[in-house]
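Here subunit A shows up in two complexes: once beside subunit B, once beside subunit C.
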Partner chain A sequence: MDIAFAIFADGIIYGAWLFLVAIGLTLVFGVMKILNVAHGALYAIGAYAAATLVNSSFFGQIEGMAVLIVMLAGAVIAALLLGPFLERVLLRLFYERDEIVLLLVTFGLSLILEDLIKLIWGVYSHYVPGPYALFGDVEIGPLFYVGYDFFIVGLAVVVGLGTYLVLNRTNVGKVVQSVIHDDEISRAMGINVARVYLGAFTFGVFLATLAGAFTAPMIAITPTIGVNAIILSFAVVVIGGLGSIQGAAIGALVVGLSRASAINLWPEAELFVIYAVMSLVLLVRPEGLFGQIQQRKI
Partner chain B sequence: MLRKITGQVRVGLRAVSLATIACVCAAPIANAEETFKLGLVNFLSGPAADAFGVPSMNGGELMVEALNAGEVPEPYAGMIGFGGMPIEIIKVDETGGAQVQIQRFRDLVQREEVDAIVGYDGSGDCLAVAPIADELKKVVVFSGCGTPRIFEENSYEYVFRAGSHSTMDNVALAHYVARKLPDAKTVAGFNQNYSWGQDSWRDFSLALKELRPDIETVGELFPETGAGQYGAQINVLMRLKPDVVHSSLWGGDLEAFLLQAGPRKLFDRTNVVFTMAEHVLPRLGDKVPEGLMTGGRGAVGALHPDTPLANWFYSAYEDKYDIPAVQGPFRFVQTILGLKTAVEIAMQENGGKKPTSEEIAAAFKFASFDTPSGPVEMAIGDGHQAIQGNAIGISKWNAQENRVELVDVEYFSAKCINPPNGVMSEEWIKEGFPGAECDN
Partner chain C sequence: MLSLQRNVALGALALTIALAVLGAFVPEWILYTCALVLAKGLVVLGLCLLLRMNLVSFGQGLYYCAGAYICGLVSQMGISDAFFLTFLAALGSAVVGLILGLFLSGYRSVFFAMFNLALSMILYGVLLKSISLGGSDGVGVAAPTYLGYAPDGEMRLYVFFVFALAVAGASSVFAFLYTKSEMGLASASVKDCEIRLEYLGLSVRYLIIFNFVIASTLAGIGGALVAMVSGHIIPELAYWTTSGEFVFITVLSGPNGILSAFGATAVFETIRLVAGQNMPNSWQMLLGSFLLLSILFMPNGISGLFRRAKAPKPDAVGEGINND
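Up next is the complex of A and B:
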């Protein structure tokens, strides 16, 4: 019973965190068809931005739940500084090129951002452990959970639902959906596609920095924290289907529960299980669980 | 800081120091126009950069500057650089994997024409570069690389390691645990899923089994390197309730584990013992849980012996970089001092000329030298692998000095925790440490 509960709880917690990291990746791909390899570096920048603000002499005085607002502000500032700049100055130049070129551009960008992190924050770890204790502990049988873990689950639900509702229930969402279906027709219908791309990419960057900012209290922040996050995010979005928010949610849960099961029952296979599940899904549905078969323009 | 050093270690230290002084004073000085071109390799980017690479390189640069200025205290006082030759350094990033390192090694030797190379922390990099060093006939002295396989499974002419390997680190920790936790009945392992983690757990669990056959292994966890999220693993450890948890985690993974395991009360329920957590103590400060047992892969950092050389290096590093020196800089510096000793012995034997790689390699075998982490002897691996003492202590926050101390420190002599020359580490442990000379 203990094991079953541990697998369920740990799987949900880890899956929620993974979804928070992966949702920006799948959104940017869905709208812009860009597999943004720099998403991991942007996640790391969000963590640094939050730590910098929370540890600053001005915001350092703030206590209690208000610290969460400071962390959110860190994510927003980082996204507003980087998102529009990267989309307008860099990515825009490559929209007419093949998707693989954009993938290579974002890979190069991830290396540049990692070096930028080192230039700004150095190579040594940064910490912001205070908020981790904000929600207390929960003791369940022999297990201890930190309340902050459940806050992350709640945050993932809010972010996921919010993004889904904006895309499916608002005028802005309808405009974005139209660009997703066909940017040329959208342009002909008077939609400012460039502005949609700018907004979608900046929001994708914000989702990355948000995930980094709220992961920061749980970890030691180093320049390479994004590497592992981006690899797992790829597994999540591939399982769920590239570009699908519902798919990312299901993919994150599948990865989270698989990993928790392996750690409890077959620890040596922790990593193997994640990619075995991914391979299995791709064998049955190559486009992912919620992905749609794409027609190729020749 | 509470430091305790055994009489035997002190006597040994003095003997080696005197021997080294004699060697240095007698060494003739090379042509003043000659320099010694030295390649320094370590992680300047990637996950190991903050834990080891950058601090190591900082320590190396500090030592080279001090050697070139003749400012290093006894037993190295008065001799500029290597045998009077100023040292010229070329820094190289170790990131990129084994194939990249092989190419960079060739570049250093063939294009940059370095006289020798020191560094490398990754076990895979060391295993890849070693045969290339022999092929190009260029001396390389490894500063890290935990794997004992380099000299146990192979034989090289130009390859040396002037620091410990994982066996020494984990055997010392097993001795400490066996003594300090007499009531322990169960143990579990929590180590990264690659050679360092697996070798460390193997050596620790085998050694503990020899020392305390009554302790039963109840779990083995091998998280991926760089995972960062350990909630599920911590819950498994909470559920298994072992009396002892062994871990050889390092860097960001170790820091994340400490930050996540503390609030989950893991340290209240079990004794978590670390092979090398010493290097994160200064940075984590008051976030380090009280009562962690840890070493630093040698008498390094806050565990350094009370000698003029060690005290000078520890202070000089903190003055220059505003953070205490930890194991990375200590290991890197002892590698440079080992090479210095070999170069000067070779010069003593060749009449004071700049020595060839062959002469340096011959002089390095079975050499002894003094370091900030105590005496080091190239005693095993047919003279290519160093042995040195190790120290283990327990973490305690000192609010007055605003730093983490290691208290209840015990020092283990090199010959207590290392196999004799020619004996495989794993067999030595399984046979009950034959030939070990333990005085405490």
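Up next is the complex of A and C:
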């Protein structure tokens, strides 16, 4: 019984974190049909940005919950600096190309960003341990959890619901949906598609840096965290269906629970299980659990 | 066709011999890098065949790693013949490629890339955690022998280089003739219009499987060569960044061209070697910028540079009839 509960709790916590990391990836793919390999590097940049602000002499004075605002500010600044620049200066050049070419472009971008991180922040680990203790420990039955983990669960729910509601219940969301459906018709209807792309990409970058910023207290921040995050995010969004927010949530839970089961019951299979589930989903439902069926190319 | 076969085979033989002679006069580290280039170039050659069909595999590390591990594990049993080990690795990865190709042939674009990635990560996950296969430490590979001949000292690397050169030369001749064959030409038109191929009586699925098996065989051979030259194999051979590296070189090479696959690998390894030593924290940035520029200005890679002058752009031909 304890094990079942531990698996459930670990799975939810890990799944929530995964969702936070992957939601930007699925959003950008949904709107722009770009599978952004650089998403992992952007996530890492978010973590570094938050660490830099929190550890700086000016913001270092701040204590208590206000630190979370400083971390959020780190994510926002990084996203505003990078998002519009990357979309307007780089990606715009490749919009007419194939989906797979855009994947390669973002792959090149991820290599550049990874070294940019090393040049700015060095190759040594950075730490922001403070915020991790903000919420104390939580005791559930015989098990102890760090309160911050549950904060991440809450944050994932807020971000997920917020993004879903904006997309489905607001005028901005309707405009974005129309661009997703058909960008040419949208353009003919007077929608500024370029602006939608700019907004969607910047918001996607923000979601990546946000995930990085709030993961920062939980880990040692090194230049390789992005590579590990992006590969997990791929699994999440492919399982859920590329471009679907609900799909990413389900995908994150599936990956989270599978990994938690493996760790508790069969630790050797930790990595294997995630990609086995991903392959199984691709095999049975290539479009993912919530994805839309694509027409065959003729 | 026959005279083409003869000319290509003779040309490749002459080039192989010339390079083998040249290899006798270069320092060991260059020889080692060249052997690596030949091994990785084979993987890239296979990916070029897939790129001709507009398929990009972000999991070619799987076959590369499978070939390397087959070679390594068999060599641990005391069998060290390079020919036999390479043959086994080719056979093993071809079988894996055939089985997985049956499933993968139904996928295109990012789904094809992601499915391959998932499969290679499964192998990575298994290898990393299986103690009997060396776990994260990997497996040592014994120095190869050649039909009973066991070179020692300085000769060891040179003989291996000649062996790798012969394998790469033979594979290149095969790949070149294949691209000029009916199957090869039909495969190249998969990316333009699949339905047209099917009403001409060709099975697109079969073509994809066929090319996929060739690509995985070449990757397996490349893996075996890397295992033998480096003497040590690790699960990272199947990690997605290894596959990403191959995709990178393939884009640089472009889909059409055999020598360009090796040329692009040589460029990549040189940049990595030179830039990696002089600016260890920014060589990836150099590579990344290089990739972006080559996608922007050389959509058909290095091979496209030599082709554009004599043939019309493939895009221009396809535009009017592509219904996509």
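Methods note: the second predicted complex is superposed on the first by the 293 of 298 C-alpha atoms of A that agree within 3 Å, B and C clash if a C-alpha of one lies under 4 Å from a C-alpha of the other, contacts with A are read in each partner's own complex, and residues count from 1 in each chain.
By definition in this document, a residue touches a chain if its C-beta (ideal position, glycine included) is under 8 Å from a C-beta of that chain, and two chains touch if they have at least 3 such contacts.
Source: prediction; values computed, not measured.
With the two structures aligned on subunit A, subunit B clashes with subunit C. In the superposition on chain A, contact is made by A:P129 with subunit B only, not with subunit C. With both structures placed on the common chain, the touch criterion links A:L119 to subunit C but leaves subunit B unconnected.
Contacts of A:I13 after superposition on the shared chain: subunit B is touched, whereas subunit C is not. In the superposition on chain A, A:L104 contacts subunit C only, with no contact to subunit B. With both structures placed on the common chain, the touch criterion links A:F234 to subunit C but leaves subunit B unconnected. In the overlay built on the shared chain, the residue A:L271 is in contact with subunit B and with subunit C. By the document's definition of touching, neither partner reaches A:D182: not subunit B, not subunit C.
Shared contact residues of subunit A with subunit B and subunit C: 114-115, 118, 123, 227, 267-268, 270-271. Across the complex, subunit B meets subunit A through its residues 45-47, 49-50, 53-54, 193, 219-224, 226-229, 231-233, 235-236, 238-239, 241, 251-252, 255-256, 259-260, 263-266, 280, 283-284, 287, 323.
Listed in rising order, the residues of subunit C touching subunit A in the complex are 54, 56, 103, 106-111, 113-115, 117-119, 121-122, 124-126, 128-130, 193-195, 240-241, 244, 247-248, 251, 281-285, 287-292, 295-296, 323-324.
Against subunit C, the residues of subunit A that register as touching in their complex are 35, 90, 93-94, 97-101, 103-105, 107-116, 118-119, 123, 227, 231, 234-235, 238, 242, 267-276, 278-279, 282-283, 286, 296-298. Across the complex, subunit B is touched by residues 2-3, 6, 9-11, 13-14, 17, 114-115, 118, 123-125, 127, 129, 132-133, 137, 142-146, 149, 218-220, 222-225, 227-229, 259-260, 263-264, 267-268, 270-271 of subunit A.
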